[in-house]
Amino acid sequence: MSGSVLYDAPGPRARARNLVLSVVGGLLIVGLVALVAYRLYDKGQFDGAMWDIFNYAGIRENILDGLAATLKVFAMAAALSLVMAVVLCMGRLSDHKPVRWLATGFIELFRSVPLLITIFALWVGIVDAILPVEVNIEPMWALVFGLAIYNSCVQAEVLRAGINAVPTGQREAAYAIGMRKTQVTASILMPQAVRSMMPTIISQLVVTLKDTSLGYIILYPELLQTARLIASNTQVNGDYPYVPTVIVIGTLYIVLCLALSGLANWIERRGRRAKTGIAPTEAKVPEQTGALP
Amino acid sequence: MKLHKTAASAAVILALAATAACGGKEGSAGDKSNDTDEKSLPTYKAAEDVTVDSPVLKNAQKRGKIVIGAKADQPYLGFQDQSTKKYSGFDIEIAKMVAADLGFSAKQITFKTVDSGAREQAVRKGDVDLMIGTYTINDERKKQIDFAGPYYHAGAALLVREDESGIEGPDSVKGKKVCSIVGSTPLQEIKKPKYGGKITELAKYSDCVKQLIDGQVDAVTTDDAILKGYAADNPKKLKVLSKTFTDEPYGVGLKKGDKALQKAVADALKAHEDNGDYEKAYDATLGKSGSKFVEPPTITEK
Amino acid sequence: MNVLLDNLDLFREGFVGTVSLTAGSAALAVVLGLIIAGFRVSPVPPLRLFGTVWVTLLRNTPLTLLFLVAFFVVPQVLFPGIDSYLLAVVALGMYTSSYIAEALRSGINTVPLGQAEAARSIGMTFTQTLRIVVLPQATRTALPPLSSFLIALTKNSAIAGAFNNVDLFNIQKVLSNEGYNILVIFIWITIGYLIVTFSISALFRTLERRLEVAR
């Protein structure tokens, strides 16, 4: 339902009232922004020198390195989580009880533990505590595995929802022509599930991308950690340039995430044009799975 | 349409970033730092044909570089300028002295930032050949790695705002918010009932200092040498209360059981302490933050 | 050495911390979410724009970055010496509000057109239509996603623990320093989180059953 159903086409009085509200609302918002801007200005955060730091080759290189580190972790975690998701989803739909229980247990456990706790546990050496061998996990791998474990559980549930949404006739027809369960899943159900769930899968990838910033807490030098180092190790007029750094880095994150969500929307729209049966669902955070911004 | 816009703006920003990497000003961004007096730094001559029966060192010689773990966020001690990527400070000078006697010139040192919590692991796994970064020698750590030194004697103190009048020393922090990094020893000390401070644990000292300046915490505690660096970087904002309440002898961390390397490092420290390099280096770095020169402690770990 | 019994006080403190962080930011998130959802369907263009910007910005910013702003920028620029609990609640609440606003908006979209048309035809204004007719029905559809967002909020509150708040994540660091077996620590911490998240889903299941109507 679009907004317009909620109110009548405005007559002259409503138009006048809306105009007044527009002006008042607009002024309020502008006022709020102006207040914050003034405070920032007052603290010298808009001083040319504060922003001049980004003109230095070294600082730019640092930001690029941080960006590369973030994208590297994101790429590895995303790939790993999708592979694990397929495995977990298959496990959950398996005919063998122990396999089903194992997969369900894994998914339920890691979906309910905060991601930060999973990453931190990996980092401080929970593997050593469980296995007798000594394994040292570097911050990067703690971050990649933590992200992969958590997101694979969410993605597995998304895939399961997708498989359940495939019309039963498809499955029955496949069995009827003599396909085995593996064949049915691999060549009939999974492709359609992935196709219809693509927008949701990509939205969850946006969440994965955002969560790479948890590397900040385990001191992995990704984009946010780089921002912190730049801000805390540079002094301008006796002050630390947190505000300019946060604005620059924040913009980078927002652009990256918007580009990914743009991709999700594009796929959704393309899918709607196609006439091959299953239409992709609306791109959204996979709610039915209890998941997770 | 929306996608095209986002994609276009993403492309523009990435293109900007890419070109940015090639251009840009050289040198150090921000205020001109006076942490290190480059001109009065001593120079160290790399020894030739060093033979020490140490696997770690032999490896380093084979690759022609020695990897030394350092801190990056402690002005005057171990600090990395984010625009030039150069490390500077007293610990860095110690590293150069030791490396020179092991046969590596300053150019053959690769510094690697290792944060407090990861130091033992970095040494044990061989990520770094030596660890020189405000590294206190204690028994807990000696179970995992060996030390050479001590080369400096610090002690936990308190950093407060310039206008602070309520806190005069460790005995008057009761009920005040005291910040330090996760797992640091002074923090464990200050929360004991004897002092009764309310503790705040953050990941980095620089986070604590920022919170102190903004009035979010009342004091920061760690080794006085580190605190003096921050106070010198923020004059008229912060001051150090000089009364110390723990002992923190700094040593060079190295792989457990590498006796030959331990001895070589200890000898190098001793030699540079005796020939005056140590004092010169101190005056050009840590000395500038206002700590007076004190004779180096006797080397016990060798 | 029993980690739980030896440190019962600490665990209680951490648990209460997590619960109060969750409760505080959930309240803020729901209130803000309602307001922003209202903005997004309102007849006043600047408010609609504000709602869209709010949701787009907050949904595409990492929560850790919001915390960084809350802890290192807000005190310097706006409120020096502000309590860190308050900062955490604002950061978590604002972040979650953008998701709740979107859930409510899709809830509003599922209310049959005739409902709003009927409301309008008996002369209700926009706010009346929204408050009396549409939102109560939208809330019903928005309940399941709302519950998942609040569970996500509970889990996200762990980040506040890394920024100077006492909660389950924070006490885990304290216990690790004291040399307890980290596996045991993490098991107890996880159970703590499970208690909170299960209570939330139980609460919402009850709510859904209460609000259930035949359509």
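Observations, loosely collected:
Letters are used for the chains, namely A, B and C, taken in the order the chains are written, and counting of residues starts over at 1 for each.
Please note the rule applied: a residue touches a chain if its C-beta (ideal position, glycine included) is under 8 Å from a C-beta of that chain, and two chains touch if they have at least 3 such contacts.
Predicted model, so just to flag it, every value in this text is computed and none were measured.
Common neighbours of chain B and chain C under the contact definition above: A.
Here A is the chain whose Cα centre lies closest to the centre of all protein Cα atoms. Farthest from chain A in terms of Cα centroid separation is B. Note on interfaces A-C and A-B: more C-beta pairs are in contact across A-C. Chain geometry summary: the mean Cα position of chain B and that of chain C are 40 Å apart. Here the CA centre of chain A is 17 Å from the CA centre of chain C. Taking each chain's centre as the average of its CA atoms, chain A and chain B sit 36 Å apart. Residues of chain C found to touch two or more other chains are 72, 76, 162, 176.
Multi-chain contact residues of chain B, defined as those touching 2 or more other chains: 203, 207, 210. Under the contact definition stated at the top, the residues of chain A that touch 2 or more other chains are 217, 228, 242, 258, 261. Put simply, chain A touches chain C in their complex at residues 1, 3, 5-8, 10, 14, 18, 21-22, 25-26, 29, 36, 39-40, 43, 45, 109, 112-117, 120-121, 124-126, 129-130, 206, 210-214, 216-217, 224, 227-228, 231, 242-243, 246, 249-250, 253-254, 257-258, 261, 284-285, 287-293. Of all residues in chain A, those touching chain B in their complex are 49, 52-53, 55-64, 67, 136, 139, 217, 219, 228-230, 232-238, 240-242, 251-252, 255-256, 258-259, 261-263, 265-266.
Those residues of chain C whose C-beta lies close enough to touch chain A in the complex are 40-48, 50, 56-57, 59-65, 68-69, 72-73, 76-78, 95-96, 99, 102-103, 106, 108-109, 111, 113, 116-117, 120, 125-126, 129-130, 134, 144-145, 147-149, 151-152, 154-159, 161-162, 169, 172, 176, 181-183, 186, 189-190, 193-194, 197, 201. Looking at the complex, you find that chain B touches chain A at residues 2-3, 6-7, 9-10, 13, 17, 20-21, 23-31, 33, 72-73, 79-85, 115, 117-118, 121, 124-125, 203-204, 206-207, 209-210, 233-235, 237.
Every residue of chain B that touches chain C in the complex is listed here, in rising order: 179, 182-183, 188, 200-203, 207, 210-211, 213-216.
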